[in-house]
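One chain, chain A, appears in both complexes that follow, with chain B as partner in the first and chain C in the second.
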Partner chain A sequence: MPVLCSANCGSNAVLKRPKTGDALCKECFFWAFETEVHNTIISNKLFQRNSLVAIAASGGKDSTVLAYVLKLLNEKYDYGLRFVLLSIDEGITGYRDDSLETVKKNQEDYEMPLKILSYEELYGWTMDQIVAQIGRKNNCTFCGVFRRQALDRGAALLRVDCLVTGHNADDIAETVLMNILRGDIARLQRCTAITTTSEGTIPRCKPLKYTYEREIVMYAYFKKLVYFSTECTFAPNAYRGYARVFLKDLERMRPTAIIDILHSGEQLSVKDSVKMPERGKCTRCGFVSSQEICKACSLLEGLNRGLPKLGIGKKSHADRIRKALAEF
Partner chain B sequence: MASCTSSIPSGEREVSECSSATGGAGKELKVNIEFMGGAEMMFDNQKKLNVTLPPAECKWTIRSLLAYMKVHCAKGGGLERFFTGDSVTPGILCVINDQDWELLDTLNYELEPNDNIIFISTLHGG
Partner chain C sequence: MCSVSDDLDCLSLTSSGSGTDKSLFHATCKKCRSEPAKVVVQLKEAFCKNCLLLYVNHRFRACLGKSKLIKPKEKILVAVSGSLASATLVDLIHCGLQDTTPKRLMFSPIIVFIDDGAALGLSNEQRLKIFQEMRIMLKNCGLSTFYVPLESVINFEHNDLKEIQSETTLSINECSVSKVRKIFEDLKSVTSKEDLLIKLRNNLLIQSALTLNCSKILTAETGTDLAVKLMSNIVIGRGAHLPLDVGFCDTRCTSVLLLRPLQDVSKKAVAFYVLMKGLKTVFIPAFSSIERKNCSLQKLTENFLVGLHCEFPSTMSTIFRTGEKLSLNPLSPNFGTSSCELCQGPLDIYATESSAYLATQISSAVSKYGKAAINSDGIHVMNHSSERAKNRILSSSCKNEANGTFFNPVCYGCQLILAESNNQIHLLQNSLRKHHNQILRDKMKEEIADFLIE
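Our next item is the complex of A and B:
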C-alpha cells in the first residue's frame, strides 16, 4: 500500500525523515534537504558574497553531497561564491589513493578546481610509513591531527576566505558524546560551533551540521551521486567507533536522539570560574595551539626522533621525555 | 553477478495453514539484492546477489530473508557488522523497490517476486 507524501503533493512517499517523522516523495525530500542547508547557511551567515570557498573533499558521501548541494544552492540563490576542492592525501595505500580518483571525478562533474596536498610533502611522512613505525595503536591520532593542520595549510595556500567541511549531525553528536566521556570541557564547548575561527587561521564551517547522515546517504542514493565508500584500513581501533555504535543504537530507538544530543551540546554553558586552557600559537609552526608546542609538531618531533610516543598523551609526559633528552 | 541458492531441497512442500500463506507462499521466490555504500565489503565485495528462496510455509519477509542470508549468502569477515539480532546493524539502510523500508513496516515487509532490495551502509567513511 503506497504511502502518500506528507507535503500533500499527491506523489507516493519514498522515505521517512528521521528528524521529523514525515513521509516524503523524492522531489519534496530534495526540496526539504536543500532548503534546510540553505537556511543553515543564511541564518548563520556562513558566507559573504564574492568569497572563495575551499571544500574539504575526500570523495566520500559527505563531501560529495556537500559539493553538489553548495554548487546547486550557489546557483539557485545566487550566493556569488567561487569554490575550490581541497583534498588531503594521507598516503594510505588501498584507501586514499582510490578515493582521490572519486575526487577527480567530482572536479569534472562540479567544474571546480582541485588541489591535493599530501602528508608526504607537508610532513615528510606518509601514513603507511607512520604505521610501519608506530604500529596500529594511536595511528588515528596522528592522522587526525595532521589532517586538521593540513587543511589549514591548504586553505592558506589557496588564499581562500573560508573552508567548509562535510561534518554532519551524526559526526557532531558523536563528538559531543566523546568529549563527555573524556571529560574534555574545552572541546565540549567548542565542538558544536558551526563556524570556528581563531587568530591567524582561516574560518572553518560546517553547512551540513544539522543534516542527518541517513539523509545524506538517501540524498546521494536518490540523486545517483557517485561517491567512494570504504573503511580506512587503519581505522577499526579508533575510539570514535564506540561512540558511533552507541549513537546508531540510540537512533534506532529514537530517531530524534541525534539532533537532541547536538542541541544539548549547543545549550551547554560553562561557568566563567572554570579555568580553560588558553589558546595561543605554537612556537614552532605558528598555528593555533593551547600548548607551547602544538600537537602536530610534537607528533612530528616524536616521529623524527624515533620516539613516536612523544606526542601521545599528556603534555607533562612529553616534557619529561624532552627534559631527559636534554640532560642526556 | 553471484547467485545464492539454497541447500534446502526445494521440492514441493505442503502449504500449511499459515494465515498469510497466499501469493508467493509455496513457490520459489526470486529477489534481487544489492549492496551499496560499503555494505558490499561485508559480503566479500559482491555488489549484487540474485537469490532464489525456497518454497516456505509462510510468506517471506525481510526478517526471514535476513535469516536466510545469514546462513546462505554470508561470506568473508565483518558479518557481525551487518547483522544484529534478527535485523541489520543500526546504520545500514534498506531500500525496497526504491522505497525506504521504514515506510514498509521494516522487517515485516512481505516479499514479492522480483523485488529489488538494496542495503546501503552509512557506516563507511570517505
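Our next item is the complex of A and C:
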C-alpha cells in the first residue's frame, strides 16, 4: 500500500527523511529542503545584497547541490547575489582531473564563471608529487592545509565578499568527534560556527550546515543532478576515516544522532582558564595563523628542503630542526 | 563493561601497540627500580605489585586532596555497584581509614548500593542472589552499608534505605517494581534505557545522601569510563552537561555534590588492583551486556573507543583531558536559572537564531505541515516559522499535556528519551517533581545564604 506524503498534499510519498523520519513526496521534499536552506541563510544573515559569492566547488555532491540550490534560491527569493565557482586542482590523477570535468559542466549548467587554481601554480607541487616524496602517510594533512589556504587565496584573487563551502551536517558532526578524539579544544569550539571570519580575511560560511548528507544525495538523485562520486585515492589511510565510519554506524542506529552531535557541539564551552592559541599572521605569507610560521608554509618548507616531516607534528620539533639546519 | 579479559593479556608484559616492540620480560619496576615488574599500566610503565597498589592509591588520594572539597568528619556517601572500580574504591577507603595508615582519611563514609534489578527486568530470585553476593563483598570493609532498590525512585521514603548486613531477605514492593518495569519496557531503544537508568540512579543517590545527611557522594567512575561517557554523551545530545556528567564534581544539586575520585585512574589499573588484592566483585548484567554487540549508542561508542585505543594508546586520556577543559555554557540564557525536570541539568533548549535544535524543529514542522507551516508573506515567513517552531518547542516539552506530564521543560537529551516513551514515563512525574523542587529550593537557599540568620 502506498504511503501518503505526511505534508498532506495528497500525493504518494517517495522517501523517508532521515532527519525527521517523515515520509514525503518528491515535490514536498524539494520544497522542504530548499526552505530549510533558505531559512538557514536568512536567519543567520549569511549574505548581503549585491555581494559576489564564491562557491567552493569540487564537483562532488555537496558542492553541486549547493551551487544548484543557491542559484535557485537567489532567483526565487531575490537575494541579489552574484556567484562564481572556485575550484582547486590538487593534482591527483584519477580523481581531481575527473571531478573537475563535472565542475566544468556545472559552470555551463548554472551559468556561473569558474576559476581553477592548482597546487602546482600556488606551491610548485602537485599532490601526486607530494605523495611520491612523503609516502602514503599524512597525505590528507598536506592536502587539507594547502586547500584551505588555496581557497583563501582564490577568494582574494577573485575579490569576492564571501566564500561558501558545501560542508553538511555529517561533516560537522564528524569534525566535532574528531576534535574530541584529538583533544583539539580550539577547533572544537569553533568548528560548529556557521560563519568563520577574522580580521583581514574573507568570511566563509556553510549554508548546508544543518542538511544531512543523505538528504543531499536524495535531492541530487531526484533532481537528476550530475556529480562526481569517487573517494580520493589517497584518503583511505586518514584518521578522519575512523570518525567517519563511527558516525555512519551511529546514524544507522539512530538517524538523529548527527544533529544531536551538532547540538552537543554547539553547546560546548571552554573554561576561561584554558590557554587558547592566539590568532596572528604568518610571517612568511601573511595569512591567518596561530604560529609564527603557518602550517602551509612549514609543510611547504619541509617539502622544498626534502624534510617532509618538518611540518608534521609539534612545532618545537620543527624549530629544533630549523635551528640545527641554521647552525649547519 | 568488564574488560578484564583484555587487561589480562597485558600480563604477558609486552608493551602493545606502541612503536617500541621491546619486550619487557625481565624489566624491573619503573618506580622502585628493584622489584621485577609485574604489570604494564600505561605505555612502557611497568610496575611491580606494591608500586601498582601505591600508584592507584596515590592517584585517588591526590585527586581528592587537590579538590580540597572534603572536610574532616564529613559524612560521605560512597556509591557502590559491585564493579571492579567500586570494589577498588571501597578498598581504598577502607585502607585509608585504618589507624596505621599515614595521613589517615578523615571523613566518615557510608556505602550505598542501588539495586537496579527492577529496571533490568531481573527476577526476585536473581535480585536476591545479587543482594547476597553484595553482602559478602561488603562484609569485611567495616563500614556502614545501605541498600536501596531502584523502584524507590517512584516514591522515595526514608525507610527504603536498609542496612545491608541486618537484612536477610529483600522486601520488594511489587507495585513500584511493575511501574519501573513498565517505564523501561516502554522505551524503544537500549540507548534511552541506559540513559534513563543513569539519571534515575543519580537521582536516588542524591535522595539517599540527603536522607543520610551526607553532603558529598563519591562514585567509582574511572578515567576510561569517563572518556567513554563523554563521547557517548556527545552522541546522545548531552554536550551541554558534559562538565557535570564527566567532570570531577557534579554540582547539579548544590547541597549534595557528586565527586569522581577515580578519574585519574584507568580501568586497566583498577582491574590490576582488584586482581592483585584479590578483591571480591559482583557482576550485575547491564542492558547492553545481554544484548548483541552494538545494541546501544553507548555500547557502540565504547567499542569504537576501545578499538581506537588499541591502535592509538593515548586516545582515552586525550578525550578525558578534553573534557576537563569544558565549562557550562555561560552564554546560555538559562545559565544558572532553570534546569531540566528529569536530569536536573541546565536547560539547553533555548532557540537562538542558529541552532541545531531550531533547525530540527523547523525540519519537522515543514515536513509535517508542508507549506501550511509557513505564512504567505514572502521572505518574512521564516520568522513566523521560527515563532511556530518556538511554540512547538514549548509544547513538545510538555509532552502528553493531556496527562499533565512534565510541565516543566526538559533538556535536549531528555527529550530524546521522552520521544521514545509512549506514556509510562509519567509514572515518574510526582517523584521527579518533588526532587526538582527540592533542588530548586536548595539553589534559592544558597543564593540568599548570606542573609539568613542561623
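The rule we apply is simple: the second predicted complex is superposed on the first by the 328 of 328 C-alpha atoms of A that agree within 3 Å, B and C clash if a C-alpha of one lies under 4 Å from a C-alpha of the other, contacts with A are read in each partner's own complex, and residues count from 1 in each chain.
Here is the rule we use: a contact is a pair of C-beta atoms (placed from the backbone, for glycine too) under 8 Å apart; a residue touches a chain by one contact, two chains touch by 3 or more.
Remember, it's a predicted structure, so these values are computed and weren't measured experimentally.
Of the two partner chains placed by superposition, only chain B is touched by A:Ser99; chain C is not.
Once the two complexes are overlaid on the shared chain, A:Ala7 sits against chain C while remaining clear of chain B. Looking at the shared chain after the overlay, A:Ser58 reaches chain B, while chain C stays out of its contact range.
After overlaying the two complexes on the shared chain, residue contacts for A:Asp249 are found with chain B and with chain C alike.
Touch counts on chain A: comparing chain C and chain B, the chain ahead is C. In the superposed model, A:Phe228 lies in contact with chain B only, and not with chain C. In the superposition on chain A, no contact is made by A:Leu122 with either chain B or chain C. With both structures placed on the common chain, the touch criterion links A:Tyr210 to chain C but leaves chain B unconnected.
Under the contact criterion defined above, the residues of chain A that touch both chain B in one complex and chain C in the other are 249. Within the complex formed with chain A, the chain B residues making contact are 36-38, 41, 89-91, 93, 95, 98-100, 102-103, 118, 120-126. Of all the residues in chain A, the ones that touch chain C in their complex are 5-9, 17, 19-20, 22, 24, 28, 31-32, 35-36, 38-40, 42-44, 77, 169, 176-177, 180-183, 185, 188, 194, 210, 242, 246, 249-250, 253-254, 256-257, 259-272, 274. Interface residues of chain A facing chain B in the complex, by the touch rule stated above, are 3, 12-16, 23, 58-64, 99, 166, 213-214, 216-218, 221, 227-232, 235, 244-245, 248-249, 251-252. The residues of chain C lying in touch with chain A in their complex are 189, 191, 230-231, 233-240, 242, 294, 296-297, 300-301, 304, 308, 315, 318-319, 321-322, 325-332, 348, 353-360, 362-364, 366-372, 374, 378-379, 382, 385-386, 412, 416.
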